[in-house]
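Listed next: structures, encoded as C-alpha cells.
What follows is subunit A paired twice: with subunit B in the first complex and subunit C in the second.
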Partner chain A sequence: MEKRPCISTGQIFSMLFISKIVISMTYGSLLIGDSDIWDHLVSVPISFLLTFLIVWPIYKLFSMDKKMNIMDNIYNLIGKWGMALIFAYIIYYLVICFHTLAVFNNFISNAVNPPISITFLTFILIICSCYGAYKGLEALARTSSFILISTVFSVVFLGVSLFSGVEVINFTPLMYNGSESVKEGVIYMISQSPCIVALAVLLPMGKGNKKRGIIIWNFLVYLLFAMIIVLIIGSMGDFVYTQLFPVYTAAGIGKFGSFRHLDSLYLGVWISGIFLKLSLFFILASEGIKKVFGEKVKKISIVVFGVMMASVSCFPGFFGILKTSVTTWVLFYFLIFLSLVVPSVLIFIKFFKLKRRNNIED
Partner chain B sequence: MQKFKAEFDNSADLCIKYINVENISCAVITLAGMVNKDTVAISVVNPIIDASVKGETPLEKFNYIKDYIISAVDQTQVCTYEDAFNMIMSGFALFAVDGCDSMVSLGVQGFPIRAVSEPSSELMQRGSREGLVESVNINMTLIRKRLKSPKLKFEVINLGKTSQTAVCLCYMTNKVSKDILEKIKENLSKVNLDMVIEAGYLVPYLEDGGDFSLFSSVGMTERPDTICGKISEGRVAILIDGTPNALIVPYLFVEYFQHLDDYSMHTYFATFTRWLKYLAFFMSTLLPGLYVGISTFNPEILPGPILNKIALAVSTTPFSLMTETIFIHLIYEIMREAGLRIPRPLGHAVSIVGALVIGETAVSSGLIGGPTLMVVALTAISSYVIPNLYEPISILKFIFIIVGGLLGIWGIMIIFTAVLVNISSKKSYGIPFTSPIAPFKFFAMRDILTRCGWSFLSKKNIKVQDLPGSEVK
Partner chain C sequence: MKIKKSVFLLLFAIILLSLSGCSENSQLHQKLVIQGIGIESIENEYVLTVQALDFKNPSKEDKPSTKILEIRGNSLLNALENISKQTSLTPVYSQNMIIILSESIVKNSGVNNFIDFFIRHFEARPKVKICVVKDRASEYLKIKSEDNKVLTAKDIHDLIPSSLNSDVLHFVSNLKSGLSNSYLSWINIEDKNGLKQVHLKGVGILLGNNLVKFIEKDEALAFMVLKSVPNFGTFVVENKNLGKIMCLLEKSEVKTNVNLEETPKYKINLNLRISVFSMSDKLEFDSEEEIKNRIGEEFSKKITALCSEVIGNFLEQGIDVFDFGKILKNSYPKYFKKIDGDWKSHLKNCKYEVVSKVNVIITGKEPI
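Right, the complex of A and B next:
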C-alpha cells in the first residue's frame, strides 16, 4: 500500500486560496481585452455559483470512493486507454505552471522593472519551487499556513489603507455599456481557477470536512475578488483602465498612518504565493507521472519540469503569452473539460459498472 | 591479574593491592585518581585484612567477604572482563579472589568533579541557579530531586567503542511515547563512533530523517529544571557523561523561543518577551539582507530622511553596500570567535580593538558607512536574544545579504519561502517540526502566541506526541 501524504482540509484550501490570490493580485482590465472591471462585480456572484457547479462532478466522484483521486479513477475505470487522460491532467498542471511563470515575468518586467536580470530571478524561482515540490505536499501545506497568515494580514492592511481613499463618485452604474464585460469577467474568473482541477487530486489527501472547505474557500475567493474590484475602482476611478496591474498600483498609492509604499508588502506576499503555486502544480503533475511511470520517476519528474520551465522562460516570446486573450479561452475550455466533462464521464462509467455488478449479484 | 596488567600495559594509574586471606590470594584493583582512597581503605581493604573469613573453597570465601565483610553499599557481581574493564574505568574498585570466576565491583568513586554551579549559557533572572555538571550521576540526582516520582526512569547505555561513555536516557514512563523511545534507542544503537566526548557528537544520530536542514530538531540545555519541564511533556532527555549539556528530543521550532524565565514572570511581560524573541529572530535573519536589498533596488520604500543618510554614507564609502555589509559581518564574526577562544583576561583587549577599529576608525576613515554599522549592531544584538538559534541565523543572514544584493527583496522573499519549506518539511520523531503552528492547534497557542497564566496552562498537559500532525502515539 503506497503511503499518501495526509494533510488537513484547512491546509488544502489555504494552498488553493493562496494560489488564487496570486492571480487575483495581477487582475487588470488590459489583460482581459479592455473589459470594464466595474461590471465584473456582477461576474463575481455568477462565477461563485458556477464554481460550485464545476466542482460538483469532482466532489461527487471523490465521495463515491474517498481514497481515490481522479487519476486512480481513470486508471481503474478506463484502464490503459485512460493514460491519455492522465497525460491531459499532467499537461494542464504544467500549462498552469507556464502561465504562472508568464504572469510573473510579465508583472516583474512591466510593473516593477527592477535593475536585475529577470531571467536569473526566474531561474531562482524555478529552482526554489522545484525544491518546494521535492520536499512534498505536507511540507508545502505547512508552509502555506505561514504564508496564509502573512497574506491575510497584508490583504487586510492593504484593504484598510485603500479604504480611506475610496470615493463614491467613482462607482458608475453597473452594466452601463451592456453585459459583454460581465461575460468576459466570468470567463476570466473561471479560467483562472485551476484550483478546481487541483481538487481532483488533492481531495483524497485531506482529512476533515471537504464540503464545508469548498464552500468557505469559494466564498472567500470571490469575496476577495469583489473587495479588490470595489477598492481599486473606488480609490482609482478611471485611472484603473490605464494600468496593466491596477492592484499593484493601488498598493503603491495606499497609505496607512506613516506607512507608505505598501507595494513592497504586496510584492512579498505575491512572490511567496507564486512560489507556492508553482510548487503545488509541480507536485500535482508529478502525481500523474507517478501513476503512469511509477513512484521512482516521481521525484525525477520534478527536476525535469523545472528544466522545462527554465528552458521555455529563456525564449523572449514566452513573456508575450498573456497579451493574447486566447489564453483565457484555452484555459477555460481546458478547465471545463478536466473538471466537468472527465469527472462526469467517470461518474457515469462508475455508476454503470456498479449497476451491472449489482444485477449480476442479484 | 595478568590479563589486567596486559590490557592496561602496566599503565601508571593501575593499582592492584594484593591481600592474603587465610592462604588464599585476593586483590583489590583500582585506577588511581578514580577512587576515593579513604573509602577504599575503610570500607574494603581494612575490613578484609582484619576479618576472619569463614568458608572452605575460594568461592565460599569470596561470597563471605562480599556479603559480610566489605561495607561498601554499591556492589555488583562482575562475570566478564568487558564488564570489569567498564567498571574499573568508571571509578569502581574490583575485588577478586584467586580461584573464583567472578569479581565484585564496589562503588567507591572519588574522581574530582566540578561543583554544581550556575549554567553559563542559560542564565535565569529568577529561579534555580543550579546547572548540570560533567558527572552523569550528579546530573541524575539533580533531576531526581526535582521530580520526585517513581515514574521518572533513567536508563544507562555505553556508547563509543573506545571511550565507552555512559549515556543516560531520562524520561517519564507514564508520559513518554513508546514509539519515540524505541526510535531514539534505535538511533543511538547506530552510533559507530570511536569516541563520544561531547553531547554534540550524538546530535547527528538523533536528528530524525537525515534531510539537510539548518535548524536542529535536537534541543540542548544545561538546566536540570528545563529537563524536568521537557520530560513532563513526554520528551526524552539524554545525559552524556563528561559534558554538562543534555540533549532533548523531540524538539520543535517553537521551543527555541521558550525559556524557563517566561514561566516565572508575569504573563503580560512573558508574552511581551516572547514576541520580542520572534521579532529578534526575524531581525537577526532578515534585517541586513533587507537593508542591502531595499537600499540597492527599492530605495523608494524608505522614508526620505533615512534614504538621504544611507545615500550619503554609500557615496562616501569605496565599497558597494553588499560588500560593505558582508565585510563588517565577517569582521564581527571573527571578533566573536576570537572573544570565545582567547584567554579571558585578553577578552577586554578584543572588545577595545573591535570598538575602536570598527566602531570608530572604520567609519571616520570613510571605509564603512554609519548606517551599515548600525544595522550590523542591531543584527548582532538581536541574535543574542535567541542564543540557541545563533548557528542558523549567522549563516542565513549571509545568504540573505548576498541574495538581497543580487536580486533585491524579490530574491529575499523567494529564498525566505524556501527556508520556510525547509523548516516545514522537517519532522522530529514523527512530529512536524513546525507543530503546533502548522499543523495548527488553537489550544497550544496558550504557550506560543501568548504565555497564559498558570491557571490556564495547568488545565491540560499537552504531551508532545499529542500535537497535531503527530505520527506517533
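Right, the complex of A and C next:
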C-alpha cells in the first residue's frame, strides 16, 4: 500500500476556499466581459446548487471506496487505456495553473504596475509555488491555515470598510435586460471552480466528515461571492463597469476609522492565495504523474511543471487569452467532462463490475 | 542536507537582492507627489497646473512645502508625460486629492476627452474630489492664504463636502448610467479686504459630457438640501410677523418615493434640522417652544417652495440630477423599460411634491 499524505477535511477545504477566493477577488470585466455584474447575484444561488450536482459523482465514486482517488479508480477500472484520462486530469490541473498565472500577470500589469519586471515577479512566484509543492500537501495544508486566517480577517475588514459606502439606489432591478447575464454568470462561476476537480484527488487524503465539509465550503464560497457583488455594486454603482478589477478598486475606496486605501491589504492576501493555489495544483498534477510513472518521477515533475510555466511566462502575449470568451467556455466544458462525465462513467463501470462479481459469487 | 539548505539560502538571497527595494530604488525627493491637478484649455492646448509636495526644498515647519508646475500638451496624456520630461521626477498620482477643471474645458471639449486617465490609471483614486471653476484652474492652486503661503490642495479638498458626492466615482458613475446627469461642485475666489479666499459657490450641471449651467445662491442651497449636504451657507427667513431670522442647516435627510399614476409622481420627504443663531426682537417675548414652532413652520414653507422651484426648473430642462430615473427604474422596472431610451424627454411630464419636517434648535438670539 502506497503512503498517502493525510490531512484533515478542514485543511482540504481551507485550501480550496482560498483557491476559489483568489479568483473571486479578480472578478471583473477582464474575466466576464460586458456581462451585468449585478445580475450575477441571481447566478450565485444557481451556481451554488449546480456545484452540489457537479460534485455528486466525485463524492459518490469516493464513497464507493474511500481509499481510492479518481486516478486510482481510472487505473483499476479501465486499465492502461485509462492513462489518457489521467493525462486529461494532469493537463487540466496545469491549465488551471496557467490560467491563475495569466490572472496574476494581467492583474499585476494593469492594477499594480510595479517598477520591476512582471516576468521576473512571475518567476519568483513560480519558484515559491514549486517549493511549496515540493514540500508536500501536509506542509501546504498547514500554511493554508495561516493564509486562511489572514484572508478571513482581510475580507471581513474590507467588507466592513465598504459597508458604510453602500448606496441603495445602485441596486437596480435584477435581470432588467433579460437573463443573458445570469447565464454568463453561472458559466463563469462554474468554470472558475477547479476545486471540484481537485476534490477528485483530495477527498481520499482527508480525515473527517467530507459531506459537511463540501456543504460548508460551497456555502461560504457563494456567500462570499454574493457579498462581493452587493458591496462592489452598492459602493460603486455604474463605476464598476469601467474597472478591470472592481474588487481591488473597491478595496482602495474603503475606509474604516483612520484606515484608508486598503488595497495593499488586498494585495498581500491575494498573492499568498495565488501561491497556495499554484502549489496545490502542482501537487495535484504531480499525483497524476505519480500514478503513471511512479513516486520518483513525481518530485521531478514539479520542477518540470515550474519550468513549463516559467517558459510560458516569457511570452506574456499568451496571457491575453483571458480576454477571449472562449477561455471560460473551454474551462467550463473541461470541468464538466472531468467532474461529471468521467466520474459518472467510472461509477457505472464500478457498479456493473460489482454486480457481475456478485452474480458470479451467487 | 547542508548543501540543500545552502542552495535554498543562496536562492533566497538572490531573490531578495533583486527586489526593487535593494536595486533601482527611488528616493522620495526623486518623486513628484501630486496633491492637486488643475486642467484647462488654452489655444487648443491642455494646460495642467500641478501642486505637488516639494521634498527637495523642505520647509522648516511640520508640513512639507509645496511646489507648483505648469505643463502644456496636445492632450491630457501628453501633458502628463511632459511632467517627467520637464522635471525628471516620477509623478505619483495616488496622493492626489483634487481635480480642478476650468469652465472652458468642460463646456467646450467635454469631459470624455480627458476623464479616462482618472478612471483607468493604476494610481488614480476614485474618491478624488472634482470641481469646476469659472476662471483659470491654475489660479486656485497658486492662491496665497493670509500668511502668504500657497493654499494647499488639501484646503480646497476640505471645502467640498464629501456628502455632495462631487468625486470621480460618482461623477463617472452618473456619466456611465445615462439616466442621471453628472454635476460638479463649483468653487470660486472672492476678494475680501484685499485677501483672496476660495469658497464653495454652487454646482455646475452637465448634460451628457458637457457643462450646461451653474447654479448658485438659493438655487444651490436647495440643491444641497436635496442632496443631503448640510452647512451650505446661512439661510435667512424673513416675514412680517417674525422679522428676520438667520439659521444654519445642520442636517438634511432626503427620502424620495415614486408612485405611478398616469405619469410618475415623486414625493420628496425632507427631514431637516436647523440651528437658529440670530433673530429679530419681534420674538423677544414668545416662549422658546412657540418661537421654534413659528420658525419651523416658516422655514418649512420657504425651503419647500425653494426645492419645488429647483426641481421644477431641472425637470423642465430635461435634467435629472436627483436620480429620479434610477428611483423610477428601481420601483417600476416594467414601466421604465418602455421609456428607458427616452427618459430625458419624459422628465417634463413627471409630477412632484416636496414635504418637509423641520426640527429647530436655538443656539443664539442675537438681534440682527
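Note that the second predicted complex is superposed on the first by the 360 of 362 C-alpha atoms of A that agree within 3 Å, B and C clash if a C-alpha of one lies under 4 Å from a C-alpha of the other, contacts with A are read in each partner's own complex, and residues count from 1 in each chain.
Just so we're on the same page, a contact is a pair of C-beta atoms (placed from the backbone, for glycine too) under 8 Å apart; a residue touches a chain by one contact, two chains touch by 3 or more.
Just so it is clear, the model here is predicted, and its values are computed rather than measured.
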Checklist entry - Between subunit B (first) and subunit C (second), which, if any, makes contact with A:Lys135: first, second, both or neither? => result first
Item to check | Which superposed partner A:Leu267 touches (first subunit B, second subunit C, both, neither) | outcome: first
Checklist entry - Of the two partner chains, subunit B (first) and subunit C (second), which one does A:Phe315 touch, if any: first, second, both, or neither? => result neither
Checklist entry - A:Pro114 contacts which: subunit B (first), subunit C (second), both, neither? => result both
Next on the checklist: I'd like to know which partner A:Trp81 touches here: subunit B for first, subunit C for second, both or neither.
Outcome noted: neither
Checklist entry - With the two structures laid over each other on chain A, which partner does A:Ile124 touch: subunit B (first), subunit C (second), both, or neither? => result both
Item to check | Per-residue contact with subunit A, leading partner among subunit C and subunit B | outcome: B
Checklist entry - So, A:Ser279: does it touch subunit B (first), subunit C (second), both, or neither? => result first
Checklist entry - Is A:Asp238 touching the first partner subunit B, the second partner subunit C, both, or neither of them? => result second
Item to check | subunit B and subunit C contact sites that coincide on subunit A, given as residue numbers | outcome: 112, 114-116, 120, 124, 131, 261
Next on the checklist: For a test of understanding, state which residues of subunit A touch subunit B in their complex under the given definition.
Outcome noted: 8, 10-11, 108, 112, 114-116, 120-121, 124-125, 128, 131-132, 135-136, 138-143, 145-147, 258, 260-261, 264, 267-268, 271-272, 275-276, 279
Item to check | Complex contact set, residues of subunit B against subunit A | outcome: 294, 297-298, 300-301, 303, 406-411, 413-418, 420-422, 424-425, 432, 434, 437-440, 468-469
Next on the checklist: Give the list of subunit C residues in touch with subunit A in this complex.
Outcome noted: 8, 11, 15, 18-20, 24, 26, 94, 119-120, 122, 125-127, 169-170, 172-174, 176-177, 323, 326-327, 329-330, 333, 337
Item to check | For the subunit A and subunit C complex, residues of the former touching the latter | outcome: 110-116, 120, 124, 127, 131, 169-173, 176, 236-239, 241-243, 249, 252-253, 261
